[in-house]
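The structures considered in this document are given below.
Shared between the two complexes below is chain A, which pairs with chain B and chain C, respectively.
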Partner chain A sequence: MDEQKNIPRVVLVGLASCFGCQINITNVEAHLMEVLGQVDMRYWQLTSSEPMPDAFDVAVVEGAVTTEDAAETLRRVREKARAVITIGACAATAGIPGMAAAAYEGRAAQVYGSAVPAIIDDIACRPRPVSDVIAVDYEVPCCPIDPYDFVRVLQKALYGANPYERTSTLCGECKRNERGCFYGRGIMCLGLVTRQGCGARCPDLGRPCNGCGGVSVDANVEGARRVAQRSGIDPARFDKALEMFNQVPREVQR
Partner chain B sequence: MLYRVIDAHELPGLVQAFMRDYEVIAPVRSGKSFAFEAVSSFDDIVLDYPTTLTSLKKYYLPPRETLFEYDMADGVTDYRMEVRPRVLFGAHACDINAINALNLVFEDPRYPDPYYEAHKKATMIVGISCMPGDSCFCHLLDAGEVRSGYDLFLADIGGRYLVSIGSVEGADILEAACDPREATDEDRRAFRDYTRRRQRAFNEEIPSVQEIPMLMDAFHSDDFWEELGSRCLNCTACSSVCPTCYCFDIRDVLDPSGETGRRERVWDACTSPQFALVTGGHNFRPGTRERVRHRMYHKLNGFNAKHGRYLCVGCGRCVKACKADISPIEVLKFFEQKGIEDGDRDAD
Partner chain C sequence: MTKTRIQVDHVARIEGHGDIHLEISDGQVQRCEFSVTEAARLFESMVRGRPFDEVPYIASRVCGICSASHTVTDLLAIERIFGVQVSERTRALRQLLVYGSFLQNHSTHLFVFAAPDFLGHKSVFPLAKGDPELFERALGLKALGNELCTMVGGRSIHPITAVVGGFTHEMTSAEYLRMADKLEGMVDFALAAVDLFNGFEVPGFETQGDLLAMVAPDGYPVIGSDTAAFVRSGVRFSAQDIGEFVEEYPVDHSAAFLAVEKEGQRPYFASALARVNASWDQLTEPARFAAAKAGLRPPEFNPFANNVAQAVELVDALTRCAATCRALAGDDFEGTSEPVSFEVCAGVGVGFTEAPRGALFHRLELDANGVVIDASIMTPTSQNIANLEVDMRTLATLLVDEGRSSDEIQLEIEKLVRAYDPCLSCSVH
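Showing the complex of A and B:
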């Protein structure tokens, strides 16, 4: 806390990701200055030239852990931050970088053939979500994040609100949007197992859910596979589709 | 009850008369299903719709509703709701019965709900007769007919409608817009034919079970609930589409400025994993077995104990919305099966 101004000091750290979630924060446009006015923004990886400072109150982390260096950074962040917020699917579930997690040992050879640079072994590690390395207080899910959702969660951390979020899956929100079900048309949708919170906006726009909000801890994946099968969709296809954002098994995510 | 008859060709005029002073909400085609929406033309209305994807409760209990607004500088401002006078045109008996059940909750004289009251005061209801679809079972839960809670109820008796008049306002609009006449013996015969035809059209695979509330108590600990719960996807689609699920959560929503915000009421669901989570971290219904059972109990047992009627009106929406085949029909089938097994045992 800045003693003089009583304003929480915030840092924003980017790990393995496309940095799209960091950019999407700026999409609150009309409210960006209001939001920045509530914090002492000490470091924003996308925009800062100076290294991350040593003292801060709230840390925002984007991206998956793909190097030991990143894991070390996280441990340092956790030591200093009163609250840690992850943003985006990569940080929450290992997301897109996480797609490399299965059969990880052979991945470098797939890319480099027989000439795998020695440095790969020195720095890289199997992709992991942030919560696999440090305790996370708040999470802003999805790929990319909704900037207003980010502001809502940031304010929770700033003003000390309960991190409680619902873990029911997406179909309830979809029905609130008064949408019929893709499965009725034989189309696969991952909303059956994906955590609610986004407002089921892709299905509302006519696109099936691809699971970027992460598989809910209360998802009934086996039950969802049965639904898929009954609608003429091979459960193996369902599993494959889940890999895009949920490759890293759930027990690791927790 | 007062009855009159109008000809089918008078119906557009009736809707038009409502449109002058009311927002008209009516069933319209929506994708492969039907939805209640505001309409601007009689031609958009599909009066012989089977059922809609979601119910009419959104007009009484919106999915998200501001209760009041607050400002760090000025404190709390009571929210002034803009309520448009509206008519729900073309509601089925089950759905009017559902609203009657909601009234019992939100008009409880001890805890009247001003927000609900404001919506209700501004809302008229014109019911319409229907033929049951495959998943309809209103007749098994005393909700197949409706005796109150509407302004007008139109029964299609072939080229004309037998209109049951439920309010002075309804009668006034009917008189002004149409040329209602006394029902003749022929009209009454046509109505009787319609009710018989409808009664015969219900899906006979859905079992009629006596003493449902008692059976709920008798089989409270049966393995059936474990099996039914194990299918649950934890999605809460059931309560989203249910015309009588009225549970809500209240949350404070801060504006991005951090200076102003709103207290909102949002739909909640007892099938949501966090519904019975309390401060300190204890969850009174931690598993799907407990949550699914609880929902069925409230619908088929608990509400009866308090209000003397089922909270399920047999509209069949959850039958379609639940991808895991969890619905009151499964409970009725289970009771029927238990009855057969017990009968067999007694015969041995």
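Showing the complex of A and C:
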């Protein structure tokens, strides 16, 4: 805590990502200044040219770990931070960047051909979630995060509330929207196994869940494959779709 | 011998990670590089082997600011391969989606990223304190862009409802009318933004390279055309033939490819400035008047004018989208936006749109099952870096000749980088 003001000092670190989750934080326009009023934003590279400070309380991390530099930054951040919050699927599960983790060697050559820039060759490593490198205290899931979800989790981190989140799957939330089920129409949806929390936003707008919340620990993946098969969907296609946000296996998942 | 070394690790207030390396000895600029250090996520590799319908969803994640552009560009590439003809209504909705991202991108870039430089601040926070009314209205404009994206796409980033053939959801007529009112309500502020940015003092110099933008017989095109034009050389080409007109090449100091116009090996700038130069006559009347008042008319080759061009595009987008919303609320468009049916087939197609930062190309090759064999993404920023480096060198030389201090040179070079509005996570993808 800041000795004089007692205002928690927060830093925001961006790793491999689309920056969308940080942008989404700037999108809570009405709340932005209120939130910033409660915290001392010591470092937010997206919005300021100030250098990263030596002392802070809470670190917010966006993005997957795809370089050794990023891993080193995280270790330094973890030493100083009282609490680490990850935002978004990239940080939580390696997300979309994590798709490159399978058969990672050779992918750079697929993109750059024989002339892979030295700047990439020197620093790149197989994509990993943040929790593979350092301990994470709080997580704001999904791709992108819901900015109000971030405000809620930030409050929890600031005031030390229970870090555990509900782990049930999306199906329950979706049923409450009373939109019917895609499987009844022979359309694959990953809501069967994906962690809840988004209010089933995509199915509510007519699009099946793509699993950005990550597979729930409560999920019955084998049962879901059988449901898919009963609706005429090849279970191999179900597994393929799951790779989008779950390519990197997670040891620990709340 | 005097030697000055300007090194900016991680330029702030741009999207993504990039460094500036500048070496000046005895009044000569020796080394001038913009090094894109953003992590390579290897999108072109990761979509290989994926079914076509996942590709726009995955490519959206290239960038959190222009996600709508990446989504729509991939949809266009896929529809070209399958021969899908979407309804006028779907086209109008896609245009709204892309313009929504113009509003959020331009207002973020102008007020959060660029304005603090000209007002002598390191971040937007002093601006928020010093001129809360301006800041509030800027955020309001950005919020409106987000709202437009959300109303059309389902959320402000990474649209949900835009799929191959149409949309899975549409807002109601009453919501369109409300949206139109809100858009019109912001026009005065956007006009003030043109004046504000036009009032900032910028170095007087011209870019050496060319400018590239989509062109069409009518309208101010952002998604509706397949034709691209180099403004200076006058060369026009179909986006399907992009490989014959633009050459991409890797360099060691950048994780992003660089690009030049192929025949003349000339770098170029794809941008709002390029669009305004290419289609000035087709801006909406209020936008054209604002541009004229600000002295922004073709030919305008000062890269700093990109800031004013973006402000002009805010006026254009607001007035254009308001009219589109009113038309969508009525029965001006035939058909619905419900996804049309299509047959999957093998083929190659290039999607071409104007993203907020400039021309965006996605080339896809699909097999007979609609699975990706090969993909290539060419973003505006990757096309612009070669030209930016030339401009940085020109500007640095100019400032050295004027005897400016290295702190001043650094600030002006950073301002130039920010005027390009680079998106480095886009450029590397």
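In the analysis below, the second predicted complex is superposed on the first by the 244 of 254 C-alpha atoms of A that agree within 3 Å, B and C clash if a C-alpha of one lies under 4 Å from a C-alpha of the other, contacts with A are read in each partner's own complex, and residues count from 1 in each chain.
Rule of thumb we're sticking to: a contact is a pair of C-beta atoms (placed from the backbone, for glycine too) under 8 Å apart; a residue touches a chain by one contact, two chains touch by 3 or more.
Please read all numbers here as calculations on a predicted model, not as lab measurements.
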| item | value |
| --- | --- |
| Side-by-side fit of chain B and chain C on chain A, or clash | fit |
| Which of chain B and chain C A:172 touches, first, second, both or neither | first |
| First (chain B), second (chain C), both or neither touched by A:66 | second |
| Partner chain in contact with A:181 - chain B first, chain C second, else both or neither | first |
| Chain B versus chain C as contact partner of A:155, first or second or both or neither | first |
| Which of chain B and chain C A:112 touches, first, second, both or neither | second |
| Chain B versus chain C as contact partner of A:223, first or second or both or neither | first |
| Which superposed partner A:75 touches (first chain B, second chain C, both, neither) | neither |
| More chain A residues in contact [chain B versus chain C] | C |
| Minimum C-alpha separation between chain B and chain C after superposing on chain A, in Å | 14 |
| Doubly contacted residues of chain A, that is, touched by chain B and again by chain C | none |
| Of all residues in chain A, those that touch chain C in their complex | 14-24, 26-27, 29-30, 32-33, 36, 41, 44-50, 63-64, 66-67, 70, 95-97, 99-100, 107-108, 110-113, 115-120, 124, 127, 143-144, 201-202, 205-207, 210, 237, 240-241, 244 |
| Sites on chain C touched by chain A in the complex | 10, 12-13, 15-17, 35-42, 44-46, 48, 50-51, 54, 57-58, 61-65, 67, 108, 112-113, 122-125, 128, 139-140, 142-143, 146, 154-158, 160-161, 163, 168-169, 250-255, 257, 414, 425 |
| Interfacial residue positions of chain B with respect to chain A in the complex | 30-33, 35, 53-54, 63, 230-237, 239-241, 253-258, 267, 269, 271-274, 277, 288, 321, 323-324 |
| Touch list for chain A against partner chain B, complex | 28, 31, 34-35, 38, 148, 151-152, 155, 158-159, 164, 166-176, 178-181, 183-185, 191-193, 196, 216, 218-220, 223-224, 226-227 |
